[in-house]
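As written, the chains take the letters A, B and C, and residue 1 is the first residue of each chain.
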Amino acid sequence: MSTFVNTDPSAFHGVWVFCEQRGGELMPTDFELLSEGRKLADDLGVELCGVLLGDNVEGLVPQLGGYGADRVYVCQDPALKDYTTDAYTKVICDIVMDKKPEIFLIGATNIGRDLGPRCAARLHTGLTADCTSLVVDTAKYKEFLKSTSTLDVDGMKWDMEDKGLKMTRPAFCGHLMATIICPRFRPQMSTVRPGVMKCAEFDQAKADACKTELYPVSLCDSDLRTKVLEVVKEAKDTVDLIGAEVIVAVGYGISKDPQVGLDLAQKMADALGGVVGASRAAVDAGWVGADQQVGQTGKTVRPSLYIALGISGAIQHKAGMEDSECIIAVNSNSSAPIFEVADYGICGDLFQVVPEMIDVLTNK
Amino acid sequence: MILSEKHQMMRKLYRQFAQTEFTDELLDRLEETGEFDWDIHKLMAKYGFMGVKIPVEYGGQGGDSLAYALMIEEFARVSPVLSIYANTSNSLGAGPLLFCGTEEQKRKYVEPVAKGEKILVFALTEPGAGTDAGGTLTTAVADGDYFVLNGRKTFISGAPMADYAVVYAKTDPTQRGSRGISMFIVDMKLPGVSCGKPEAKMGIKGYPTSDLILENVRVHKSDLLGPLHKGFATAMKTLDGGRLGMAAQAVGIAQGCLDEAIKYAKERKQFGKPIASFQGISFMIADMATEIEAARQLVYSTAVRKDAGDPEASKLCAMSKLFAGEMCNRVAYKAVQIHGGYGYIKEYKVERFYRDARITTIYEGTSQVQQMVISGNLLK
Amino acid sequence: MKFIVCVKQVPDTSGKVAVKADGTMDRASMAAITNPDDLNAVEAALALKDQNPDAKVVLVSMGPPPAAAMLRELLAMGCDEAILVSGREFGGSDTFATSQILAGAIHHLGLEQDDIIFCGRQAIDGDTAQVGPQIAEKLDIPQISYVADLKLEGTTVTAKRMLEDGYMTVQTQTPCLVTCIKELNQPRYMTVKGILECDQKPYQVYDFNTLKDEPLIELDTIGLKGSPTNVYKSFSPPIKGAGVMLEGSGRETVEKLFATLEEKHII
């Protein structure tokens, strides 16, 4: 390990993506990261490589190729079947030290956030967590800043030749954005929030062209200090309003047909990975349980997306949800107070609008 | 008064505990059923709140009167009734025992009370004797190693759940007025002890209050508390501490009312703007906050002076209770007024605060009794 | 046996977050709290101490001197000792640098065969979740992150490690490091007795001089200058404007709405 010198950027080439698999299935973040990594690799004029660890997983390579990988290093061993910190860190650090990529991206899943920091510490380099934007080209970074910040971009001095990775991430619950660089050490590492990067179209030609490179695994017992006793998959179905990222809430506006209204809300919530909430009026009417009530006498919520269906927006309700990051309101009354706090309002009958919304969402 | 870092930490602890554990669901249940909630009692006991002011050697937390007052205030700010849960053991319950109990009595009774394993209540008031202890009709007659108690105590807070009661009884009928009264620790399981039906109260629901009936109850002489025939002086000393606690409760309730009033005044809109922007409302809020702060400072400084052995402590405790109790009712009135019609319906917290506030000028000595104590001190 | 808990004092971001004109956080205007996940780590250690009364719970925190107030609160909850790692030289450290310093402090304190190190999953001021695993790497001990349930039998630690779509049951041996999530437990409160006694508990400050010769700390990769990562630019996201009333309520409107949401990464 001590022979690994990483202070000379010119010795490091290529963009790498850690391709996470669970139970032999690739994670959606793999495709998102490869799609994003492709752009970086193109801007740098280098190869995009995936690193795939597991047991008998080389069959997954074409999928990775289809999203942009030029080459995939495959490390196979029964000890790599399920993720363990020790085994994965050892194998990844061995290959990184050998092949020396300049950029190494990891999905910020619960596994990626366990693996990334451990690898970065061993590789003696920096790691930027939960990035939402990655740019190497300075001109592109300037464009990015112009569209997302209030900074005087043109009034600043720029080194247009700089090809260092500019990793932008939110801090303090999104109240502040910071762009982080790692100038002295290689690889430049970052974990990337799942769902943030856009997935490219699957390209069969690229899938066919993708090179598989089996990389030998050298693991001994002393490398494996943690044992996985079992892996359990479980579906979540409890309503957790407080922790929910997306809430679809119904109000008295569903009174025309409460059951249908609720079904619609549930379908929309399912489509967005969210949960169903309600205003006091809907709870009082007995359509929804009291634990789902949002508002002053219910729960105070701050989801990233709050969709209010047929909720007029009494103060008592607004007090519980107005700090949501984005609020969408659908109401047939154009002067309903809910529109005062909404980022986007649609004036219309929810029984007509919501089925359209679900349709658009599910056919995306 | 500037609180020490320790007292600030305590206040933070009490506030966090009350805000987290005194859930709306729990408060609604207490209100609806009127029944004692053993779960929250046990949780409060686990954190030592029952013995905040009881010395560490008797299983308590070793805090001072200010530590106790801060607790009652912060608990009452969220739930007046739950502040009572942690009150009795620290004031009227363990108070008389700590004042004049023997070492054996302290070990036997104070420790489990401090830890919340047992509930001890204070039984002074009778149908014909509240403020006027001279009218005490409960009697205790010596019979060998025992005293035989007979009588009826009334409005005994916590009696239905109690394990023990400190009972005041006339032991020397030849002495008049408050003299000739002794204190006994009565095990509620003794034959002849019973409780009346819990009263249906205006507020403070969830902490049952009932009569305590004594019919030929044989209490061993080892459970005589303090000197024979001289129990009333101890009762008076205990009442000082209790009054301080109830003054703190009044401050807490008033603060809870103010919190709600401010929140509502900022949210509620009339004529196109929040009602907080109207002077009729904002000046009420200014007055409420000022009165609360005055009462709070009186309570805190009284707590410190009481612990320092200030000879004026008794008067100051009465002043605290008088001022804070009356202030609390003025503030609760305004809080409901600011809420308008919503303040009159149960969904809004001020409705409950308003009813709970009413007791603060009544129990542990009415405002008029406090005035008697204060003026008696000034005009002696 | 020691249960070492790494804790951090952070600004309370649950309320309004204040940002200064230069785009940095106005920490002075925000209340300082114990990082929420770290409280779960403290509780996990205290709960294990309840079962192993001979064990000591030792707090280690890196931060400026005001962090002492947080440590006193944690001592008042029942922790036994506290160490504050504090020095100008450490200021501005990124996760790599911070974990080196904390690992150095733990090494200085002495890590024994039956010790466990507890960390919160992540701190709310950075949300990186990196320091815990990096401390484990520096100390060359195994780690289990995202722990929602924990059992210690002898020197065997068995943990329920949460994944997005389920969990793993993982086993390892002490000494090890675990990072705790809020599902693990409900942190206890302080007690009045604990508050009154917290000043009598052992409390030490490790400054630069205490740790400068620690083998785990490289002096050229700590602090603001030494950290491998640097802030290149920082900025506030554009302020939320007034809401938009969309025209119409048909399919076109809905499609436009979701396209906008997607563009803004809201969905």
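Operating definition for what follows: a residue touches a chain if its C-beta (ideal position, glycine included) is under 8 Å from a C-beta of that chain, and two chains touch if they have at least 3 such contacts.
Since this is a predicted model, take the numbers as computed values, not measurements.
Looking at A-B and B-C side by side, the one with more C-beta contacts is B-C. At the centre of the protein atoms shown, by the Cα-centroid criterion, sits C.
Subunit A and subunit C have CA centres that are 22 Å apart. Separating the centre of subunit A from that of subunit B, both taken as means of CA atoms, is a distance of 54 Å. The mean-CA centres of subunit B and subunit C are about 41 angstrom from one another, to the nearest whole unit.
Within subunit B, not a single residue touches two or more of the remaining chains. The multi-chain contact residues of subunit A, meaning those touching 2 or more other chains, do not exist; every residue touches at most one other chain. Those residues of subunit A that touch subunit C in the shared complex are 22, 82-86, 89, 109-111, 113-114, 116-118, 120-122, 124-130, 132, 145, 148-151, 166, 170-185, 196, 225-234, 246, 272, 304-305, 325-328, 334, 339-349, 352-353, 356-357, 359-361, 364. Those residues of subunit C lying in contact with subunit A across their complex are 11, 13, 17, 19, 23-25, 94-96, 99, 124-134, 136-138, 141-146, 158, 161-173, 176, 221, 227-238, 240, 243-246, 248-251, 253-255, 257-258, 260-261, 264-267. Residues of subunit A touching subunit B in their complex: 296-297, 315-316, 319. Against subunit C, the residues of subunit B that register as touching in their complex are 5-6, 9-10, 12-13, 16-17, 47-49, 52, 56, 60-63, 67, 71.
Contacts from subunit C toward subunit B in the complex involve residues 69, 72-73, 76, 188-193, 195-196.
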